[in-house]
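In what follows, chain A forms one complex with chain B and a second complex with chain C.
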Partner chain A sequence: MKTLLNYSYYPGCSLHASASEYDLSTRELFNALGIGLTEIPDWFCCGATPAHNVDELLSLSLCAKNLELADKVEGDMAVACASCFSRLKTTQHVLTENEVKRKQVETAINAPVKLDSSVKHLLEILAKDLGLERLATAANKPLAGLKVACYYGCLLTRPTDVPNLDCTEAPTIMERVIEAVGAETVAWTHRLECCGANFTLSRPGVVIQLTNAILESAKAAGADCIMVGCPLCHGNLDIRQKEIEGVYNADYNMPVFYLTQLVGLSVGLGAEKLGLDAMIVNPMPLLKEKGLL
Partner chain B sequence: MSRIGVFICHCGENISRTVDVERVASEIGKHPGVAFSTDYKYMCSDPGQTLLKKAIQEQKLTHIVVAACSPRMHEKTFRKAVEAAGLNPFLCEMANIREHCSWVHENREEATLKAIDIVGMMVERVKKNRILPTITVPVTKRSLVIGGGIAGIQAALDIADCGHEVILVEREPSIGGHMAQLSETFPTLDCSQCIMTPKMVDVANHPKIKLYTYSEIELVEGYIGNFQVTIKKKARSVDEDKCTGCGVCMTKCPQKKIPNKFDQNIGMRTAIYVPFPQAVPNTPVIDRENCTWFKTGKCGICQKVCGPGAVDFEQQDRLIVEAVGAIVVATGFDLYSIAEKPKGSPIKGYGEFGHGKIPDVIDGMTFERLASASGPTGGRILRPSDGKEPKQIVFIQCIGSRAREKGISYCSKVCCMYTAKHTMLYHHKVHDGQAYVFFMDARTPGKSYDEFWRRSIEEEEAVYIRGMVSRLYQKGDKIVVMGSDIAVGVQVEIEADMVVLATAVMPQKGADTLAQKLGISYDKYHFYSEAHAKLRPVECATAGIYLAGACQGPKDIPETVSQASAAAAKVMTLFSKDKLEREPIVARVREIGCVGCFACKKVCAYGAIEEKEIRDRQGNLIKVVAYVNPGVCAGCGTCQATCPSKSVELDGYTDEQIVAMIEAL
Partner chain C sequence: MKKKKMVISQETMDVDFVRKVEALADTSVRRCFQCGKCSAGCPMATFMEHPPNRVVRLLQLGQWRRVLEGRSIWYCASCETCSTRCPNKVQLASIMDALRKLSWDAEGPSKESYVQLANKLFLQNIRTYGRQYEMRLAAVFNVKSGQFLKDLMLGPKLLAKGKLKMFHSKNKNLSEIEKIFTRIEEMRKKGEAL
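Presenting the complex of A and B:
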């Protein structure tokens, strides 16, 4: 496939650390699909949750500076992490609405804010820019028979009017993407519930409770696995899963994939290129059973 | 030589806070032609008007400028005062130094200079004002009422009881509107049907009321006192004169499974139907979309069984023209739906509640039908999904209302009260059940309203939880309600058997289209706008058109009835005169200059321009010129701006007057 699309890639901190398999699978998938990705030189942390809880000006300025750096690379900005995506979009939204804050931020970063530059989550690139038809064509090993619970979490679509990725409370973009490459999706109730996010360190009890409800709901709906687009959700659902099973005396054994891993499988990428070995809940038995590896 | 009097108003402090009114008065006193100028705290008050009248007489003033608020506010007031002092009212002008000056500026010096300019312009303008004689037009003493809900019914009965003919037009096959759908009514719990149906019968029997049901307004022409209204009477397929209302046709109709809109689609009806047993008129209508005869050309059973031979498959839509002098708009409301809305709609729906796809999540009106003795369940509260009685029921208020992110910012006003009522009806019918209510605030400002709400908690055991619901989902045969209790600061989860949503009150669908036909204004939600929010709440800005009920904004029954009677009183005020005086601000054609191009006729939105033949004494046609019918002209001035030969001018707004104003700057 010819390279038609090109993006400035903002991996975010997690993808260089705990979610390195998300980074790896993103690069491999985009390469296989012929989509160009150029990592933004000198990008740095978006501030995530801590910054905006402590200092709004700091959090807006961090994102504004990253937007400016991204602007120097050709193409729209491609963001993998739901939290980075949310912060970058929120910054554009807040600074468009509030001129006073915009001026403060512009003083802080000593440059005009890129309010109109296009910031896209990977889902948007696959579903809209590449398009579902081309994605389906590229899927030479369709994920037939795999029942996927698409998990959005809090930030991909919320709040209303900020990310504008899809309908805020009843989105379908994940389902559309993964169905395009041959998987089945399940209708389940906890697609948009909070996993507890970064309370995973300070209040693990809360996270275990919330995440259990998500796993329970996915299991009840008959899902084989969960698909996510956020490193933090992934951490809670995957890394804590064994512990949750212990607390609630449950048996989920529910692999948690990044969307790029599942789509990557469908275009014929092998386990090593998708970082499947980094997953805590081993997906291999499931994938072998379904004949996908 | 004109002797102009100028009166500068302080408007309490509204003007004098920013504008040095004394300085304006003394500066304008030096203006050529000004014989007298003064300032006063409240020009519109009785002493203020007396001051004006005294000055006219003592100073022998010929023209008046009152510098105060917008002419929309008090032009009539001052012109009346001027007339009382013996001057032609149209020799008085207002200079707006409040909305156009003091309210929008902060710098006192600059605002004062601007005020002097504004007053100076009006002084120059008033010098060119002519004496204008008041125009009188005849009044047709019949009125049109649009909408046959409680608002329309009340207005129609009040007007008809005063002896004037009323044309009542209703879109549905029966009058009654939403009130006929309700079970009991707050705050007294009397049965809605019991207080409503006698009024419906009164309408049907009233010799002065002409009822058109299953009919819609097609076209409205004319002006106050003289409207021509075209009504489309949709084909009922049943001859109203022959039908006796025996109902045999309905019992024999083979199509029995059509969702009945009157029962919020939970009850079923036949293809030939009356929406409910107490319908007025009690004449069935054939729903042609679902009728076997109209779909396949076979069946015709209703026609065969009809004794009087009233069923008429050939009946056509008819257009009827009625002449009326006043119009009462009472088109009522519709309810917000949580379903997904089309792209571009400002209303967003509720994805977090499953976009209305969970069968036992219903709206308040559906609950009314369940609770109603004449409803599809005979008054038993049963789940639409499986017909079981819900033992845990959750009511959620403010769905759509007060939720800017959902597209509506206003309060729907009636939901707090009807939800309290629902908890009572539920408790009366399901003794071992428990009702929960999620609410933001309880808004109960009405006579005996707060007591009623307290009763639902203290005597009827409803559990009120202050907080909103974030999500509803189906789990087995339960509905999980996830919400917050902000009083305690905890999250709440209730496994409910049924959920009732107090969805927002919105205007009827098509309210905007009807408003455009009537030439009345509406807000961004399509609620109709009253002429003045406080002082003219039942009149439209368009003369001769009045508002009643929820088409103007969310209202409960007592308020709706009050407004309907007020609208009727306004109609009666209009009908109390045989001729109507109207402002002589109309266009006039200078026949000598007019070349008869009729460019004015093309642009006139009111159809006021006619063709007039000019003949010599022998009767030979010299030319055809434009003529403005002063009864129809609305004084918009479009013809004046269009006329290529400057042969038409709007009295009170002539080019000469406008130029004089500009030159005064």
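Presenting the complex of A and C:
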């Protein structure tokens, strides 16, 4: 028997607010699967896009500080947000390649940078560390008949050599995970296209245009729902969906789940443990129709 | 839009600037051979006056002022598609970061103020609170950008769903974050970092 898995958990800012259901379902799912999750005490914001946009040194330093804090907790680092994941991996990549920047960052945080510590997205933990076979065994309520459009967005896979989660242009890790627990997946065109991410604050018009194309593509492919692993993608696809339907005179009614919510359903967790009531597009009619709740 | 004529001469070509961009981005601007793959895959190209490959070409020709004056760099979503697909391994997303930083530091002439305001408030929040508080960020953004009614209808819905928190758990080691900001400022003052 494999030793019990334990991770130092970096939720990121969104999971403490707009994506609280992602946080809740992650904790509940990992608990149900017997995987240990210890939140890193007093973690900081990773800086996300705004920091690297205008101040790379600050962005690298914030992430290096978080890597240092994570190192004090036992286990590899488990990251839920695609953007935090990308920033932490980018920091390790850049500072391994560039000694000048590494020295600057070490001065900024007044400590050596943890370049080799293992940073993993939740998908990686489910697909690789736990393994698809064990995941399939744990799924006592398989998601039979549910057609899922797996949406990767930008930062889970790009750029080459940085996240190393899966192939940059044709990843399958999300499909493999959700098929392992009994769902069907659809082939669609926009699974790697950008949703507009943090333009939701400064230029929502951009997000409405880009996200509409994603919803349209998922609908055309016959998907019942979309699955994501990023709180920004979720915010744009779920929170702004009604507004988009209004602008484009469309009717999507497409529930957008976090991967931990769907996998959680398959291992028998109830709606209240997965925060399904926090979703803006109500998933209950769909789940009842498919006999999954 | 009326196009300004571009004059390329020794006087208008500033290659030192390009070297600075290359140092910051740790990649080559000169290696680009204008295949256009970056612009073909760019989700934001439709919002830019100079698509990504033209931004690189303008840099190669030392015409960086044209780039910084426009909004292209502020409309890049950092999706990394360009860097992933470039056949010459030009890290264009990193070049965009470098250009934004240089424009930001110089309080440059870009017309795109909303994105810059959002960035500024985001960084201020990190320095003050250690973490991002979304509700505060959105509220202050609306006030400072004069769009008091922006997304007003979303607010109550998000509050009801528990997606906007009035109160947050605080970091106990906030002084650490201030030290990081201060040390970086000191390094820059001494010329030890860009």
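Rule of thumb we're sticking to: the second predicted complex is superposed on the first by the 290 of 293 C-alpha atoms of A that agree within 3 Å, B and C clash if a C-alpha of one lies under 4 Å from a C-alpha of the other, contacts with A are read in each partner's own complex, and residues count from 1 in each chain.
Note that in this section a residue touches a chain if its C-beta (ideal position, glycine included) is under 8 Å from a C-beta of that chain, and two chains touch if they have at least 3 such contacts.
Keep in mind that what you see is a predicted model, and the values were worked out from it rather than measured.
With the C-alpha superposition on chain A as described, chain C and chain B clash in the combined arrangement.
Considering which of chain B and chain C touches more of chain A, the answer is C.
In the superposition on chain A, A:167 makes contact with chain B only, while chain C stays out of contact range. Of the two partner chains, neither chain B nor chain C is touched by A:32.
Contacts of A:193 after superposition on the shared chain: both chain B and chain C are touched. Applying the stated contact rule after C-alpha superposition, one finds that A:98 touches chain C and leaves chain B untouched.
In the overlay built on the shared chain, the residue A:250 is in contact with neither chain B nor chain C. In the superposition on chain A, no contact is made by A:5 with either chain B or chain C. Residues 159-160, 168-169, 193 of chain A lie in contact with chain B in one complex and with chain C in the other.
Residues 13-14, 16-20, 41-45, 47-58, 61-62, 65, 94, 97-98, 101, 104, 107-110, 154-155, 158-160, 168-169, 193-194, 196-199, 201-204, 206, 210, 239, 277-280 of chain A touch chain C in their complex. Residues of chain C touching chain A in their complex: 24, 26, 43-44, 47, 75, 77-81, 83-84, 91, 93, 97-98, 100-101, 104, 114-115, 117-119, 122-123, 125-126, 130-135, 137-138, 141, 150-151, 154, 157-158, 161-165, 168-169, 171-173, 176-177, 179-181, 183-184, 187, 192-194. Across the complex, chain B meets chain A through its residues 340, 348, 350-352, 354-355, 405, 471, 473-475, 480. Interface of chain A with chain B (complex): residues 159-161, 167-171, 189, 192-193.
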